[in-house]
Amino acid sequence: MQKSASQIAMLLEGKVFGNPDVIISGPSKIEEGKPGTISFLGNPKYAHYIYDTLASAVLVSKDFVPERPLKATLISVENVYASLAILMEHFSPKIANEKIISSTSIIDPTVHIGDEVSIDDYVIIKANVRIGSRSKIFAQVYIGNNVHIGDNVLIYPGVKIYRDCVIGNNCVIHANAVIGSDGFGFGKDDSGGYKKIAQLGNVVIEDDVEIGSNTVIDRASIGSTMIKKGVKLDNLIQVGHNVTIGENTVIAAQTGIAGSTKIGPNCLIGGQVGFKGHIDIAEGTMIQAQSGIGSNIKHENTKWYGSPAIDFNNYLKSYAYFRKFPEIVQQMRKQEIELDRLKQEIKNFADKTKKEIR
Amino acid sequence: MQKSASQIAMLLEGKVFGNPDVIISGPSKIEEGKPGTISFLGNPKYAHYIYDTLASAVLVSKDFVPERPLKATLISVENVYASLAILMEHFSPKIANEKIISSTSIIDPTVHIGDEVSIDDYVIIKANVRIGSRSKIFAQVYIGNNVHIGDNVLIYPGVKIYRDCVIGNNCVIHANAVIGSDGFGFGKDDSGGYKKIAQLGNVVIEDDVEIGSNTVIDRASIGSTMIKKGVKLDNLIQVGHNVTIGENTVIAAQTGIAGSTKIGPNCLIGGQVGFKGHIDIAEGTMIQAQSGIGSNIKHENTKWYGSPAIDFNNYLKSYAYFRKFPEIVQQMRKQEIELDRLKQEIKNFADKTKKEIR
Amino acid sequence: MQKSASQIAMLLEGKVFGNPDVIISGPSKIEEGKPGTISFLGNPKYAHYIYDTLASAVLVSKDFVPERPLKATLISVENVYASLAILMEHFSPKIANEKIISSTSIIDPTVHIGDEVSIDDYVIIKANVRIGSRSKIFAQVYIGNNVHIGDNVLIYPGVKIYRDCVIGNNCVIHANAVIGSDGFGFGKDDSGGYKKIAQLGNVVIEDDVEIGSNTVIDRASIGSTMIKKGVKLDNLIQVGHNVTIGENTVIAAQTGIAGSTKIGPNCLIGGQVGFKGHIDIAEGTMIQAQSGIGSNIKHENTKWYGSPAIDFNNYLKSYAYFRKFPEIVQQMRKQEIELDRLKQEIKNFADKTKKEIR
């Protein structure tokens, strides 16, 4: 696909600065820009690359003002990442709409499959499953009894979906993710061992959710584990039974959420964060990577850090002192010595004064 | 399945308070209780829901005393979670005992399969494998040469078991878990690179073990990685080569255990905990989520927190001061100023006294 | 395979102390040594086992000097782990070079397969893939369009490799790992939701790389996620889009690396470490398990600990005071009381002196 800078600007509702006729055939990174490609400047850290990049064009924010002349044509837009998303979509190889159902897939006769669905090799689809239109099931996927899958869903190779789960429209589930395995529920028995508590619920994933590779979402013991509309989960995340994740919340890789915790909408959760079970997290909460959340977060739009997590800025302040702990203790020791010296001085002085007065 | 409250009480050896004839057809959560269902009150945090729940019955501890009247029939039992386990089992859909061995599974002629085993589609079972009676192998599982699997074992879709591993009776292994992959062992070579050390051992999983989705247990370099009777491992856990996990130890999601570490029996390990290699952890150790265990734990039944972990309560005390670190340092600065002021005061006073005395 | 101690010494270029004719048929752990086996002493922690081990021979460092007589034949070598690697390789069961391409594998006609390749059951290989000589693809693997795989590569069951990725020679990829899934890239849209940014790049894995089970390496948004020659990745690791990992860097389990971060060569990274995105880590950096790396590391061969990480030794010093925080604060309180007492004493003394002088 080839497009001129001016055509791209039109597509993105942006403005061109420089040669509008330069021809673009794909994207490149600004530090590795090549002629005939378009780069982008999202993170200001990379701004210095823009003056020397070999990319023919660069997507920039409308607020960007070059500090010196540059060769690349600039296309300035309202929101660089949103525009980049549109542009990358244009350069993206289309997943062929094969409408093919492989003869090596094993599909129960009770399954209902919508229009223009493709199902690749060695897929297994059990009884009473429904799959919406234009969804694509890649190879070696397993879909258990009674699962419902919406329209325009992509399920990558090796994903396993246990019985009774529900997947909304426009979802993407990456390779080897597991949806609906048993929650981690055991009751202690009299012998000191544990007895499994049957996990009778399911997982409900609403529309527009993306789930990363090897992420696991456990089924509810009773009721549903809920992943609401627009949630984005990175790779290797653990979602315990009966958890709810609110709309448009974004969670980075390797975070774990223990059972029955409810995370509000529009949260931004870093990687390797841990949530205790049975807590509630308010809307818009931001959590720094590796934090441990051990209790409810009640106020919206707050930022947290540490294990257990405290206010983000307070953590940084306390940690700054933690780094200087040896100096602080040394300073305290100095004060102690000084204090002892003073006591002695006062005593000496008092003794002397007494003598002199006498 | 429908049962009256009195029938359920009989099953659980509990007592009924309220209408014994109310009919129950399934479980529900206490905060989402529905007529015709039975809820439970395990965590006291949820006690306030019991007065308004629409559930027809609620399973409570024999110690529970209502603070005011309530509509639901109560069934009081010795141990709520153990009773819940029994009850949920009753409501659990039975996995059909199909005794079917799929014609699409590829089973080596040397494999020995017990009675009433079911093997689903696209399973691969290599030479000299033995599978006990009433075990169920779900679709797309891989079982390498010489693996032995006991009776009543459930192996969910996509599990991969490398050669020579042993799985006891009544085990459950969830989707896409990996058992017996190579331990992470390399020797530095002269060129600055690493040479792989062949991993010749296996994994031995004893009876009554449950293993979560996408959990990995590496084979021993020499000998066996041991998962003892009754161990419960959550999802996405890493168990390194030559690790031993003692009987009835329970480990939450995303914890990692480095090579050759031995964890005693009856431990409770939180999520995202890390264990250094080559250490020993005493029986009954409790470890808070996200802790890092860097040395032996010798005394039984102790509780730990932090990275590196220290006594649980001491960590909380130290962390309480960590949170107040800016105030503490400010207080120290104040003392310093006060100390300087005192020194000056003494000096002034001494000068003055001298003059006056003179 | 049976070998005498003297034959083993010759193989390892080591020296024999004790009976050179003792026959060895396999390896054992020193604490579980059995007659007819050879153990090794790598970690000095295990040195005390050498005097009582039943192993017929023990591999030791040339620096090892026994403190008292012992029964086992010693074979002393320059580098115990490197020698062990060679020895274990000798005892390792050879993976049969079956040169078989299963009729149940589904291989696109455009695929090019080298000499002596084996492809097991239910493997799927898409268009334009190339596989080098003597590589072995285990069962249930998925290899997407245009993937190139080198010579002598082992790909274990259930691995999923997305389109366009490149795997070098002599690589090992363990079960259910995912290579080339989409990077976690979204642009905020006007409605408060997120729009996916298409991920157009790939993953390039160079020669001699080992990748653990259930590890995930995301494809670049643009360009390549790079895993350089000789890198060793343990299980359950997350590698974000556009990351580069330098030559011979070794990373332990469950570590996560956010997008666009560049890790230098010869680094040693512990388990459960987290790296922020868009940072650079110098050659030879050592990072303690569970650390969080939030900014560039510029100097080579430094050692880090903490979240956020600081100098390793400084962290230990600060943490030693953190453990004593309650005592330190108590000491400060004592000083405060002492200071108040001194102030009062001076005041009293001054009052008294004034009176006496008057």
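Note that the chains are named A, B and C in the order they appear, and that numbering of residues resets to 1 at the start of each chain.
The definition used in the following text is that a contact is a pair of C-beta atoms (placed from the backbone, for glycine too) under 8 Å apart; a residue touches a chain by one contact, two chains touch by 3 or more.
Quick caveat: nothing in here was measured; it's all calculated off a predicted structure.
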item	value
Copy pair chain B, chain C: interface residue numbering same or different (half cut)	different
Relative orientation of copies chain A and chain C, as a Cα rotation angle in degrees, nearest 5	120
Distance between the centres, which are taken as Cα means, of chain C and chain B, whole angstrom	24
Per-residue overlap in chain B, given as positions that touch at least 2 other chains	122, 140, 158, 176, 214, 236, 254, 272, 290, 307, 322, 328, 332, 335, 339, 342, 346, 353, 357
Of chain A, residues touching chain C in the complex	26-29, 32, 43, 45, 79-86, 88-89, 91-93, 104, 120-122, 138-140, 156-158, 172, 174-176, 208, 210, 212-214, 229-230, 232, 234-236, 247-248, 250, 252-254, 266, 271-272, 289-290, 307, 319, 322-326, 328-329, 332, 335-336, 339, 342-343, 346, 350, 353, 357
Residues of chain C that touch chain A when the two form their complex	106, 122, 124, 140, 142, 158, 160, 162, 176, 178, 181-182, 184, 186-190, 192-200, 214, 216, 218, 221-223, 236, 238, 240, 242, 254, 256, 258, 272, 274, 276, 278, 290, 292, 307-308, 310, 314, 317-318, 321-322, 328, 331-332, 335, 338-339, 342, 345-346, 349, 353, 356-357
